[in-house]
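As C-alpha cells, the structure follows; a few thoughts come after it.
Per-chain numbering from 1; labels A, B, C and D assigned in written order.
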Amino acid sequence: MVGSPVLLIAIPLLAAFVIPLIGMIWKELVRIIPGLVLAYMLILSATLLYYVSQNGIIVETIAGWQPPWGINLVFSPLTGFLATLMSALGFLVWLFSYRFKRNVDFEPAKKYFIFLMLLIAGAIGIVITGDIFNQFVFIEITGISAYALTAFYTGRNSAEASFKYLMMGALASSFLLVAIAILYSQLGTLNMADIASKMHTMNPTYKIIALIFFITGIGIEAEIFPLNGWAPDAYTEAPGPVGAAFAGIVVKAGVYAIIRMIFTLFDIPSAYDFLIVIGLITLIVAETSALRQEKLKRMLAYSSIGQMGLVIVAFGIGTHEGVFAALFLMLNHAVIKPLLFFSGSSLVFNSKEKQIAEMNGLGKRMPLMAAFFSLGAFAIVGLPPFAGFWSKLSVLSAAANEGLLLIIVLILIVSVIEIVYYFRVVNRIFFQEYSREKSAAPHRPRVNALVAMFVLAIAILVIGFYPDAVTGILHNASKDLLNTDEYINNVLQLGQSLTR
Amino acid sequence: MIYLILIFFLLILMLGAAVYAVVQKDLLYAVIATGVISLVLTAIFYMLQAPDVALTEAAIGVALTTIIFLITIRNTKRYEDDYNKKDNLKSPLK
Amino acid sequence: MDDKLFEILEFGVYGASILLILIGLYAVLTKRSLIKIVIGMSIIDGGIHLLLITIGYLKGGTAPIFSPGYEEAAGQMVDPVPQALVLTAIVIGFGVTAVALSLIIRLYRHHHTLEIDEIKRLKW
Amino acid sequence: MKKFLVILILAVLGFHLFAAFSGLGFGVTRFEKGVKDFYLEKTVSELHVANTVTSIVVNFRGFDTLGEVTVLFLAVSAMGGILYKRRHHAGDRSVLFSSSSIVRSGSKLLFPAIILLGVYIFIHGHLSPGGGFQGGAIIATGFLLMLIAYENFSVSHNTLSYIESFAGIFFVVIGLLGFMNGGTFLQNFLPAGILNNLFSGGVIGIIYVMVGFKVAAELTGLIYTILHEKD
C-alpha cells in the first residue's frame, strides 16, 4: 500500500502550520508549498483509488480504536472518486491563481493559499470521514476558510457577502449539532456505519426530526433551494478561482453529505421523493433567476445552483442508473464550471462592474479565452460532442426507465432556458461590436492560468469523445453508494477483526 | 432539595438574561447580559457534573466572548438605531 | 418530594435549553442590528450546549473523572461523550463569533452603520 | 407583522423540539450498548487516564481536536486578513477605558498567578478537570487582563506565531509518529504509566500540553488582532 487516507488530512494541516514559519524565511514558499501539497494529495488519492478498485474498501482507524468507538475514515470507490476529483480540481485552482496577487506582503494574499488548501482538505475530510461529529468539524473548517476567501478583496461588498454566508453557515452548524444531539440521545453512537445498522430501532418521529435538521444544516453547503441565498453573492464577490473552488469542491462535499445521510444512514423511503421535489424546485428557480442576471459571475453562480438541483434530482431517482447519472453530472460540473469561471473572470478582468454587457466583441481581442468560455458553455448546456451531453442523456434515460415523465419534460424545458442565457453571452462575445474604450489593453492570462484552462478543456473533450474513460469508475462508485449493507459490514467487520 | 431549587433559580435567571439581551437596545447592556447567560451556564454545567465544560465556558464564554463583543462595540457604536438616546448618559465606554 | 421535583426539573432543563435556542433564533431572524444577530447566534450556541450536556446527565451521577481508590465507579458516572462534543463545539463557536465580529468591524468601516437594512446592497 | 410570523414559526418549531426532547428522559441510562461504557472502561484499563473527557478529546476522538485547533488557527488567520488595512499604524490600539493605578497594580499581581493556574490546568489535564483548551483559554485571559490594564503592553506577534506553529507541528508529528510506530494516526506509542500519576497516559499528556500552548497563543493573538483595530 502506498499511503493511507489519513495523510490526505494530516499533510495539509501540517503544511498549514508549517507555512507561517517558512514564510518568514522565503516568502515565495508561501505560494509554492500549498501547490506541492495539493499535488501530493492528488497523487495519493489517485493511487489509493486504483488500489481500492482492485482490493476493496480501505477503512482507516484513528488512534487504534475500532470503528464504533474511534473515528474512522472510509476510502471507498465513491469517496475515493470524490476525493480524487476534489484534489485534482484544487491543484488546478492553485495553478490558476499561482500568480494571482504578486505582492505577498499584502496580508490577505499571504494567507490566500493556506485558506485554499484547508478549504480543499476540509472538503475531502467531509467526504472521507465515517463519523458525524467529525464531519461537523470538517464542515466548520471548510466554512471558515470559505468565509475568509469570500472576504478576500477589501472592497465593501465582499465583507457583506462573507457576513451573509457566515450567518447562514453558523445557523446551519447549530442545526447540525441539534441533529447530532438527537441521534446520539437515541442511539448512543456517532459512527455512521453504527448509526446505519441501529437505525431500524429508532422511533420514526425522532428519525424524521433528525433528518430534517440534518438536511437544513448541510443544505447550506449543498445550495439547495431555500438555503442558497448566500451563494450568488459569495460567488460574485469572491475572486474568480475561489468561485471555481466553491462550485467544484465545496458544493460537491455538501451534496455528498446529504446523499450519504439519505442513502446510508436513514432508512426513510419517502426521502427520495423529497430529494426529487427539492431538486426540481432548486433547478427551476435557479435557472430562471440566471436568465435575469446581468453580472457574469452571478449568472454562473445561479447556473451552478441549478446544476446541483439537477444532481439532487438524479440522486432522488434512487436507482443505479440515477446515481450513475448524478455522479456523472457531478464530474462534468466539476470539470466545466471551473473552466467557465477561469475564462469568464479573465474576460471581465479589466471591467469595473463585471457586467455581461461589457463583454461585447471580446472574441476578437481575446480569442483564446473566448474559445474556452464558449467550449464550457456548449459543454454545460449539453451539446452533443462535449462532456455535458452524456451526463444529461444518462439523467434522462434514468428518469425514463422509472417512467418519471414530468421530470423529463421539466429538465428539457430548463435546458432550453440554459441554452438561452449561455448563448446570449456567447453571442455578445463573438457577434457584437467591441464597446469598451479602445485603449484598454486586453487582459493576458499568465502561462500557469493557461495551462490550468487547457487541462480542463482537454478533460471536457476527452469525456465528450470517450465517455468510457470515466464510466467504469462511476459505475463502481454508484454500486458502492447503493450497497448500504456492504458499507456497514466493511466498517464494522474491521472492528471485529482488528485486535490490539 | 436546595440543589434542585437552585437549578430552577439559575434556569430562570438565564432565560431572563436571554430575553433582556434580545430586547435591550443598548448593545453594551445586551452584551453584559450575554455574559451573564454564559456565567449561569457555567454554574449549571458544574451542577450537571460537567466540570471540564464549565471551565471552558467560564474562560471562553464569560471572559473572552464578552471582551471581543465589547471591543467590537467600542470600535463601532453602542446603540441600535431606534434607541432613544439620552444625552446625559455617561459610561466608561464612549 | 425529591422525585416530584426531579420530574419538574426534567421539564425545566429541556424547556430552558429549547427556549434559549428559540430566543436566539428570534434575535437572528428579526433584529436588524448586526451585533444583535451575533449575540443571537451565541445564545443559540449556549442553548445547544446545555441540551447536549443535559442528554448526558445521569441522576445521582458523578463527573467522569476517576479518583484514586474509585476505579470501579464507572457505573455511576455521567456520559462523558457529550461533554467532549460540547468542549469542541464551544471552541468552534468562539472562532466563528470572532470572525463574525471582525467582519462587522470591517462593514462598519465602510458603511458607518450597523443596520442590516442600510447595508444591504447585495440582494438576498 | 414579520415578528408575529417569526414567533409563530418558532412556536411550532419549539413545540416539536420540546415534544421530541421531553420524551427522552432526564438522568436515566438511555442505551444499553452505547460507546460510553467502552470509553469509561478503556480509559482506566488501557490508557490509564483518570479524566475520561480528556481521553475522549485527545485519544478516542483526537481527530476532532486536531480539526478544532485548525478551526481556531483559521479564525485567527481569517481575522488578520479581514481586518487588514493598507495604512497600518503600529501604535494604534483601542483603549477600552483608562485604568486606574489600582487596576494596574492588581493586574500585575494577578497576571503571574493566572498564568500559573493555566499552566497547572493544562499539565494536569489527564488527572483533574481541565486540560489544554481550558488552560490555554485561562492563559489568554491573563494576557487579556494585561492588555486592558496597560495601554502599551504588547505581545510579539512573531513569538505568538512561532508558538502556534510549533505546537501545531508537534501535534501532527506526534500523530504521524503513532502512524509509523503503531499503525494508526494519533496512536499511543509511549508506556501508559500508572493511573493518577502525573506521567501517565502516554502521548495524551504531551498532546494536551501542545494543545494548551497552541490555544493560548491563538486566543491571545485573536484578542490582540481585534484590539488593534481603531478607526
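The criterion applied here is as follows: a contact is a pair of C-beta atoms (placed from the backbone, for glycine too) under 8 Å apart; a residue touches a chain by one contact, two chains touch by 3 or more.
Predicted model, so just to flag it, every value in this text is computed and none were measured.
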Task: Those chains which touch chain D and also touch chain A - done: C
- [ ] Would you identify the chain whose Cα-based centre sits farthest away from the centre of chain A?
- [x] B
Task: Chain pair showing more contacts of the two, A-C and B-D - done: A-C
Open item on the list: I'd like the Å distance between the centres of chain A and chain B, where a centre is the mean of that chain's Cα atoms.
Closed with: 39
TODO: Let me have the rounded angstrom distance from the C-alpha centre of chain A over to the C-alpha centre of chain C, please.
DONE: 30
- [ ] Express in whole angstrom the distance between the two chain centres, defined as the mean CA positions of chain B and chain D.
- [x] 21
- [ ] Mind checking the centre-to-centre distance between chain B and chain C? Centres are C-alpha means, answer in whole Å.
- [x] 13
Task: Multi-partner residues of chain A (each touching 2 or more other chains) - done: 133, 137, 140, 144, 147-148, 151, 159, 162, 178, 185, 190
Open item on the list: Could you pull out the residues of chain B that touch at least 2 other chains?
Closed with: 51-52, 56, 60, 64, 68, 71-72, 75
TODO: Any chance you could list the residues of chain C touching two or more other chains?
DONE: 6, 9, 13, 19, 21, 26, 51, 54-55, 57-58, 61, 63-65, 81, 83, 87-88, 91-92, 94-96, 98-99, 101, 103-106
Open item on the list: For this structure, enumerate the chain pairs that meet the touch criterion.
Closed with: A-C, A-D, B-C, B-D, C-D
TODO: Would you pull the chain C residues touching chain B in the complex into a rising list?
DONE: 1-2, 5-6, 8-9, 12-13, 16, 19-20, 23-24, 26-27, 31-33, 35-36, 38-40, 42-43, 46, 49-50, 53-54, 56-58, 61-65, 78, 83, 86-87, 90-91, 94, 97-98, 101, 104-105, 108, 113-115
Open item on the list: Under the definition above, what is the set of chain B residues touching chain D in their complex?
Closed with: 51-52, 54-56, 59-60, 63-64, 67-68, 70-72, 74-75, 92-93
Open item on the list: For the complex, give me every residue of chain B touching chain C.
Closed with: 1, 4-5, 7-8, 11, 14-15, 18-19, 21-22, 27, 30-31, 34, 37-38, 41, 44-45, 48-53, 56-57, 60-61, 64-65, 68-69, 71-73, 75-77, 80-81
- [ ] Quick one: which bits of chain D touch chain C in the complex? Just the residue numbers, please.
- [x] 2-3, 6-7, 10, 13-14, 17-18, 21-22, 24-30, 34-37, 39-41, 43-44, 50-53, 56-57, 61, 64-65, 68, 71-72, 74-76, 78-79, 82-83, 128-129, 133, 195-196, 215, 222, 225-226, 229, 231
Open item on the list: Give the list of chain A residues in touch with chain C in this complex.
Closed with: 133, 137, 140, 143-144, 147-148, 151, 156-157, 159-164, 166-167, 169-171, 173-174, 177-178, 180-181, 184-185, 190, 229, 232-233, 236-237
